[in-house]
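Naming follows writing order (A, B, C, D, E and F), and every chain is counted from residue 1.
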């Protein structure tokens, strides 16, 4: 486990976090943050697409259904816990639930690196699972928030769906996926040294910036209260467990199950915050941003990943044995 | 020179495209946006990423529309978003433009 | 405090260096520029690249120079470029500076 | 609408965090910052790198605090830094906020 | 031909275009756009310079004269068509003519990739042709606009030449060319992995952004009218044909002729818009930006390139056969 | 020596300088400048850390003490010259002294490239010397400025030390150093192609921007006077000589001594300007920025480096022979 902590990606995150907490004047230009974010999303899509083009599509149906189910179940579970145990207001509970039901592409990318390093094989269509899980939870959570709304101010659903399905993360992931499938391994050859080789290094670089961003939310930890901190650790564990079982029942390998569990455990910090700020404006961003970025993301990055892999071994391994 | 009102709004970047739609609905003909950061009741907004970034919007318009704009922004956005606005009297070279 | 005029100009980034030359010729001693985007008669200018980007220029100066500046900008730039301007009365700490 | 003062400061980016600390000490509750470039007595500041970049700060506050702010900025920063400021009367929607 | 359409560069352009047309919130930070543009221009220069340093300079004179001739003839032809057939005003016709007479470095770069992929050899000094054709057409077109001007407000020619010859694209291309010649293949070795290897990938990335920029002009297609749309496709064909013949008569190979034809066919979107906005202010940017970016650029990228190569084979090949 | 002038890094600097002086509209987005600066600093740290992890730490004590001594002696010497020979005011003399006592990470990086190209071995802990010399001179110079101050306005030392020791260059260098040591050669493998391989190319690219920045100070050369121009060339020579001797007495190799001399000769343009602008506000930035960026930096880059290497050979070589 220590080994997982001492790789460049995690250390860069820690450096950013520490620099931010110590109030260094280190700043990452916003344009760099956005450029790297754009790069990572489209490359995740492209890599997934190339893998997909080499995979038999037969076995993809069941896991996608599983991912969809996760995207619907997790926000409901999260909402119930937040509302009835945590006593959060409806909008706050729904908003946080949206984040935990949706996924973090960066956590997914770190998970793939982790599996590759351990030489664990996984399904070629895993990026499809990522894409599948991005949106449903956001829609579910927003529907909950709307249901309970006293003022019957209608949400313009047309506009809303447009914004969610054409949000930059979806466009880049799906666009990359399609390009990857169309171009395939051979066609990617001349641009490999931009889109594939530097991926790990640029991911590490991006984590430096995420550390800085996360540090800006650390001071809110007190404000959000102990319950949310516990939720930020407990919820990914619950989600990962559900994810492992769904991985098993939909026939995923140990590697694929680890990925599905990690997706389940990860909390969105690109698509969900943007959609929720518009669609559930009453929700306090301090809650969902702090939980997602300053608690769950670092937890998954360090302790979560190896744990979910262990669980996947137990659960899927047993089935196989 | 013609007397007009300049309405300056500072708010979250997250709602930029929503505000643009609202402006269209309300008949605002023009506006200017610059990226900004700042501090207010809702704490420091350092623009380190989109969710912590501000924008600063300027609308030059006539007195009536300015009043309407302020009212509507107050009604629709003030409760839930980091937002301030202020108005000031300005002189412009063209009358019908604003 | 001294009474001065603030002239704010919003126009195309493409003519930034031309405007700076004009300012020099006209004896303008100081100005401040920020990058901007916006919407107006000539449509949306989203700053996605230089040809669609705006700038926002502020000049603090005395009443006479402000008037001259407005006239000249109107004469030389208004017909062909996306440009608006407005003036407002401001107070400054120094008199001879502006 | 409430009558308030808007104090606009243009100065060197190098002292941004110092100014923020000063504002805190002086009891300023909110401010907005945008990146800027410009020209003045101390020459062209083109924002090509941090040491040649400007910022533009806006503070909406009441008349008394505005006066105090101007005095203090003049006393502490005017001699040694590229800085200008100007104030203008503005109307706001909320009184106690500023 | 389909093969040419399914490479990453074209697909990235299409992705940007589609995202823009569908009004996704996908945005490319302006700083990234400018950084990549800067990179591509200087690298095109450097590559050209290194090639040039390996080429015998004897045969360069005639082709450069040919390129110069193209830079003077094309804007005249374009102007005549726009003014007398299209009924455009003098400033509009001249402004558009400037763009079609000048060149697009990105189209040039895609053309080189295309030829390399087809294993078609070409002259080492081709970047010199690119540089040669950047400015003349702009000067010719502006002179036309000035000639017809009623108000005799003098253009400050000194200032104008300064701006055109020291515009960033010229400085980067020529600067890169000189650096390439001076440093040569061996000296470039330690920086190759930044300036040469990632070129194709970063070009593809840049095309994503160009797709977004082009999409912002798509909505103007209706405004500019059918004639300009036809012009945006017909003019490159005419220019390419002239380019092919000049390539033949100045002794270029099939590859070099394809390049010259592509340069002739390409429309500028960096140097020309900047210069024209200042020097022909009455011209409506909607016309020249839309034609250059939203019509001619994608046309050349997809249909034009393979066509010009075919033509070059016919015209030069015949001569050779 | 000519050979040193004709490498891409120097030529890029010259291109930027010339473009700036000729008032081209070539501009480097500020975000790119800052991103590259961030990259170079953290990579210099990481490379140093990896080397450090392979080095026996025994011999490190003495050279670090030597570097510290340089960091204290150079600003005192510089101050004395500026104050008593150059007749500069106390704040101006102290401010300039701070820059010449501190170091330039970019000059250090170019020095390493130079030594590698010449196959000169050097100590693995050289990055520690760089970090050691960043801050002390700034503190010394500011203490001088404060000492002579008439108004006894107290400098908030706590805040000041916080700012200097947590300035971005220190955070990135030290953070990179630690990451390098912790991760080591093997752990760096997957991110090598981002953090190590492109270093030289990106350094060259950065120098293009430094050339542009330097050009913006060229017009101040007249204002700052002949004395400061001479100081900008003479002071690095003095510092390098002291550096060579300290290198010899602390047992450094010829390579290590060249590095120490170069560090001594280099003038800071990141940490020092930021700290000095706050702590010695009366000092005129035109003096220290122009001297550091427009005189000493290009001098070291072109003439200085090979000279210091010669000196190191004489001084350390003699001792060894």
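What we mean here is this: a residue touches a chain if its C-beta (ideal position, glycine included) is under 8 Å from a C-beta of that chain, and two chains touch if they have at least 3 such contacts.
None of the values given here were measured: they were computed from a predicted structure.
Colleague: Within the chain touch network, how many edges lie on the shortest path between chain B and chain D?
Modeller: 1
Colleague: What are the chains that chain A and chain D both touch?
Modeller: Looking at chain D and chain A together, the chains touching each of them are B, F.
Colleague: Can you give me the shortest step count from chain B to chain F, moving only between touching chains?
Modeller: The least step count works out to 2.
Colleague: If more than half of the interface residue numbers appear on both sides, call it same; otherwise different. Which is it for chain A and chain E?
Modeller: Here the answer is different, because the shared fraction of interface numbers falls below one half.
Colleague: Let me spell it out: compute each chain's centre from its C-alpha atoms, then which one is farthest from chain E's centre?
Modeller: Relative to chain E, the chain with the farthest C-alpha centre is D.
Colleague: With respect to inter-chain C-beta contacts, which pair, E-F or A-B, contains the greater number?
Modeller: By the number of C-beta pairs in contact, the winner is E-F.
Colleague: Rounded to the nearest whole Å, what is the centre-to-centre distance of chain B and chain C, using the mean of the C-alpha atoms as each centre?
Modeller: The computed centroid separation for chain B versus chain C comes out at 20 Å.
Colleague: How far is the middle of chain B from the middle of chain E, if each middle is the mean of its Cα atoms, in Å?
Modeller: 40
Colleague: What is the distance, in whole Å, between the centres of chain C and chain E, each centre taken as the mean of its C-alpha atoms?
Modeller: It comes to 34 Å between the two C-alpha centres.
Colleague: Residues of chain F that touch two or more other chains: which are they?
Modeller: Residues 25, 27-31, 34, 193, 274 of chain F touch two or more partner chains.
Colleague: Which residues does chain C have that touch at least 2 chains other than itself?
Modeller: Those would be 34-35, 88.
Colleague: Chain touch graph shape: choose line, ring, star, complete or other and state it.
Modeller: other
Colleague: Go ahead and list every pair of chains that touch.
Modeller: Result for touching pairs of chains: A-B, A-E, A-F, B-C, B-D, C-D, C-E, D-F, E-F.
Colleague: Under the stated contact criterion, what part of chain D meets chain F in this complex?
Modeller: 12, 14-15, 18, 21, 44, 46-53, 79-81
Colleague: List the residues on chain F that touch chain A in their complex, please.
Modeller: 29-31, 34-35, 38-39, 42, 162-163, 166-168, 171-172, 175, 178-179, 182-183, 187-188, 190-195, 274
Colleague: Considering the complex alone, what residue numbers of chain C touch chain D?
Modeller: Touch list, chain C to chain D: 1, 4, 6, 20, 29-35, 58, 60, 88-93, 97.
Colleague: So in the complex, which bits of chain F are touching chain E?
Modeller: These residues of chain F touch chain E: 6-8, 11-12, 15, 18-19, 22-32, 113, 117, 193, 197-198, 200-202, 204-205, 208.
Colleague: Could you please specify the touching residues of chain E with respect to chain C in the complex?
Modeller: Listed in rising order, the residues of chain E that touch chain C are 27-28, 30, 33-34, 159, 212-213, 216, 273-274, 277-278, 281-282, 285, 289.
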